[in-house]
Amino acid sequence: MRIGLFATCLGDTLFPEAVKSTAVLLARLGHEVVFPPGQTCCGQMHVNTGYQREPVPLVRNFAEQFGDASIDAVVMPSGSCAGSVRHQHEIVAERYGDAALRSGVATVKAKTYELSEFLVDVLDATDVGAYFPHRVTYHPTCHSLRMLRVGDKPLRLLRAVEGIDLVELPEADSCCGFGGTFAVKNADTSTAMLQDKMRNISATRADVCSAGDSSCLMHIGGGLSRIKSGTRTLHLAQILGSTRTAPYALTEAAR
Amino acid sequence: MSTFLGMPATPPRAPYGTGNLRGERKFPRAAHDELLNEQLRRNLGRATGTIRAKRIGVTGELPDWEQLRDAGSAIKTDTMNRLPELLEQLEAKVTERGGTVHWARDGVEANAIVTRLVKATGSSDVIKVKSMATQEIGLNEHLEAEGITPYETDLAELIVQLADDKPSHILVPAIHRNRDEIRQIFLDEIPGVDPDLDNVPAHLAAAARTYLRQKFMTARVAVSGANFGIAETGTLSVVESEGNGRMCLTLPDTLITVMGIEKVLPRYQDLEVFLQLLPRSSTGERMNPYTSMWTGVTPGDGPQEFHLVLLDNGRTAALADRIGREALNCIRCSACLNVCPVYERAGGHAYGSTYPGPIGAVLTPQLAGMHAAKDDPNSSLPYASSLCGACFDACPVKIDIPSLLVELRHQHTEQAGTTAEKLAMKAAAGVMKSPRIYTAAQKAASLSRSVGVGGRDRVISRLPAPFDGWSDSRDTPAPPKQSFRAWLASAEGAATLREASAEGAARRAADDHQEEQ
Amino acid sequence: MRTTARDTVLGRIRDALALAPVPAAEIPRAYRTGRTLPDGERLALLTDRLLDYKAEVHPCTADRTAEVIAAVLEERGARSVGVPPGLDEEWLTAYTGRVQRDCADIPPPSLGDLDGVVTASAVTCAETGTIFLDGSPDQGRRALSLVPDLHVCVVDLSSVEPGVPEAVARLVPERPTTLISGPSATSDIELERVEGVHGPRTLAVVIRTDV
């Protein structure tokens, strides 16, 4: 397949390793990965904070960058950005867009996938040839779980990873407290949620807490770093991208 | 009136400064203080955890739970579409069966109607069944000011009333209190209570029984809310547990029921859906202990005088919003509160309204408005959510609360005019809509690293306002040396992808070879 | 001319619906309705649910009705019971205590002096363990089954329906109807269920399996 990779603004700028792993993984599975260079941001932060006029150019740009019929699927290592493209772009287009935008949005929406659902549903792959000999727990992230309904797809992918010691995260489906600007506007409540999430993560004694969204990982990882936890955060794509020939180096220093 | 002019007018919100639909502080400020209360957090965490587990158990055992939700949602949508005719039908049926129907434009008018009706009976006190509508309009406060004493008879409402406190939950208004606190409230406030009363819930309930028995037996007027009002038959219904509802609805001579106009249901048959959805979502029981259904007045059985007060108080304003009106479908089960991570930590008081939690965050601003005054506390409610979506999954009538929150946030930013945040959002969109400027900004961010941002450990531990709340408990990584797109464009990026393709191809070839053998 | 609150509210609703029209909703009723279950299964299901609510369950055949009712009342030490005006007189023939036949002249508070009440029932839902009283002569006015502390309720198995839709379909809407699922209870203190608040603290259900 010819796959349009959407790096997401956060992944592109702050967490490039997760996007690199996504690209490497898709290439390894035999697909052509294209990166439309004009891509920027999906506008999720704007919409979730209450701004729907301002992201119109972002929604338009996304539709233009990935609308090309030669791109079979748009894949991104983020449940919340995929959720934005699939659920919010049409709200913005309906309200503040023109007919062309509405049609463009509908076209890309139909071929947009979060990484784990793309691997399992479209490529029918659960064993992606990964190797990751570490103790891992998985946080499902709210948008993947309840907006995209990815269900246990990420866990099926992780269970197939060679060498992995996958441990269940207690109260896994409760929110980590990120919620985009929520963590800034309601920092105290967000912190209380984060503390409970970190307590559950610590209880697993995992080396790595993984998830399918760099934003939630930034939040959880920022908290774990502050309390000097023994657990570090790693995007699902980085675990799936790790192989016997090119294993992920989980250094003590990084922990 | 407007119908004569031909142009529909936007209906008004609940009048500013009346009732209990607005707190004094914005949510983050109020939540900040509530979060410091360790006892509150323990009480809430325990209680919501218990009820979550019960709800999952009894909703999971029904194979047609999703079909019931679909039906419940559609019945409510249909009801809103046909509200005028359904209310007229309800009014006609109740009147036909000996009841009297009153209409109230807002809480002020409803309070005045109830007061007038109570005074006409000559009674100086009323017994009350737990009711969200009368809580919303501040009926108790109004009655007291008029010299009428209201006695709350639901155990939790009694606890709240005795402690001069405010409810913090739709179903369990005293959820923020534990057994020790309740024991102390009873010892302090119930006249003649056994001084050796301990903290065993059964004993506390028994103390309430003894205290209220006398009131039930002597009261001449009761005030209730209603869970459902059936247009087809004129039947009203109250769903409860303790029997205080049955006492109030049965023993007094006069019954006054205050019902929001959105509580009407078209058909008696619809109860077959809601009597399954409500108890299982609410208390997590297959059925609540008692449900009373009455139609007007029955000679020789129950109150011989019945008044139904139909309340607007901002409901029509919510109805005038194509998206927001979905909040009117709420059946007040409180499942969304019990699953909400924000509610569980901040508690109900932080919302400042009779309706707390996720549904409160979308209902309150629509009933009472969120721009009624400068820095209206209600404008902070749509932001009191991480948009985690647990409420949508739990809602028995499938109200898409996260989408409503996002919509109300949008309405807020549209109303708020030019703010620093809006300018920042515009600026961010300005950068991001142009790949050229965006890439330049990324380079600048990477460069910040070389000038020492993040220090040696590549971690930023202190950020300026408004991000200081974030950095109080979270480190932020310094931007990496290279963005993804820079890496991809580099020789290293291209080589890595080529190698991955080759490795994958080799692996597949090996796998195929193995299969052939 | 003064506009009434009624006209104003109805006018606002019509305005709201004109400002924000929403397409008409089709109501999908794909949930379970019209179910039937064999006698044994309905009895087992109902018994399980009633016991879960901490109600007493006494299955018996119709010819033992009076004997079982008397045993339940006597075990509880009930020396006086109220009965609705239309209750089958045969049912209390084995009981040796005082029987007060209810009538409208008896003020409800004095019902509190009774040790218990015996009523029949209209319909019962097995799946939720819910008994429906509808004020028929053998069930009486609502106060009668509410004020005394012990309620002995006779349920005929033929009146037991599998689920809520089947039970609701058998009701007469205009009758004052009370749904009873176990003794009164509260979960208002730390969400811990406590049986027995204002309604009868004991509910004993006599299920007549051959009626």
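Letters A, B and C name the chains as they come in the text, with residue numbers starting at 1 for each one.
In this text, contacts are C-beta pairs under 8 Å (C-beta built on N, C-alpha and C of every residue); 3 or more make two chains touch, one makes a residue touch a chain.
None of the values given here were measured: they were computed from a predicted structure.
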Identity of the chain that, by mean CA position, is farthest from subunit C: A
Highest-count interface - the chain pair sharing the most C-beta contacts: B-C
Distance between the centres, which are taken as Cα means, of subunit B and subunit A, whole angstrom: 30
Chain centre separation (subunit A, subunit C; CA means) in Å: 53
Subunit C residues touching subunit B - in the complex, by the definition given at the top: 3-6, 8-22, 24-33, 49, 52-53, 104, 108-109, 112, 125, 127-130, 135, 141-143, 146-147, 164-165, 168-169, 171, 173-192, 194-200
Contact set on subunit B toward subunit A in their complex: 27-28, 31-32, 35, 41, 341-342, 345-346, 382-390, 392-393, 402-403, 406, 408-413, 421-422, 425-426, 428-429, 432-435, 438, 442, 445, 459, 461, 466-470, 472-477, 479-480, 482-485, 487-488, 493, 496-497, 500-501, 503-505, 507-508
Complex contact set, residues of subunit B against subunit C: 1-3, 8-12, 43, 46-47, 50-51, 63-64, 67-68, 70-71, 74-75, 77-78, 80-81, 83-84, 87-88, 97, 102-105, 109, 153-156, 159, 172, 174-175, 178-179, 182, 201-202, 204-206, 208-209, 212-213, 216-218, 230, 232-233, 235, 241-244, 246-247, 249-251, 261, 268-269, 271-273, 275-276, 279, 283, 285-295, 298, 300-302, 310, 312, 316-317, 319-322, 325
Touching residues (chain side subunit A, partner subunit B) in the complex: 7, 9, 11-17, 19-20, 23-25, 27-30, 33, 35, 37-41, 43, 45-52, 54-55, 57-58, 61, 87-88, 91, 129, 142-143, 145-147, 173-175, 177-195, 218-219, 221-223, 225-226, 243, 245
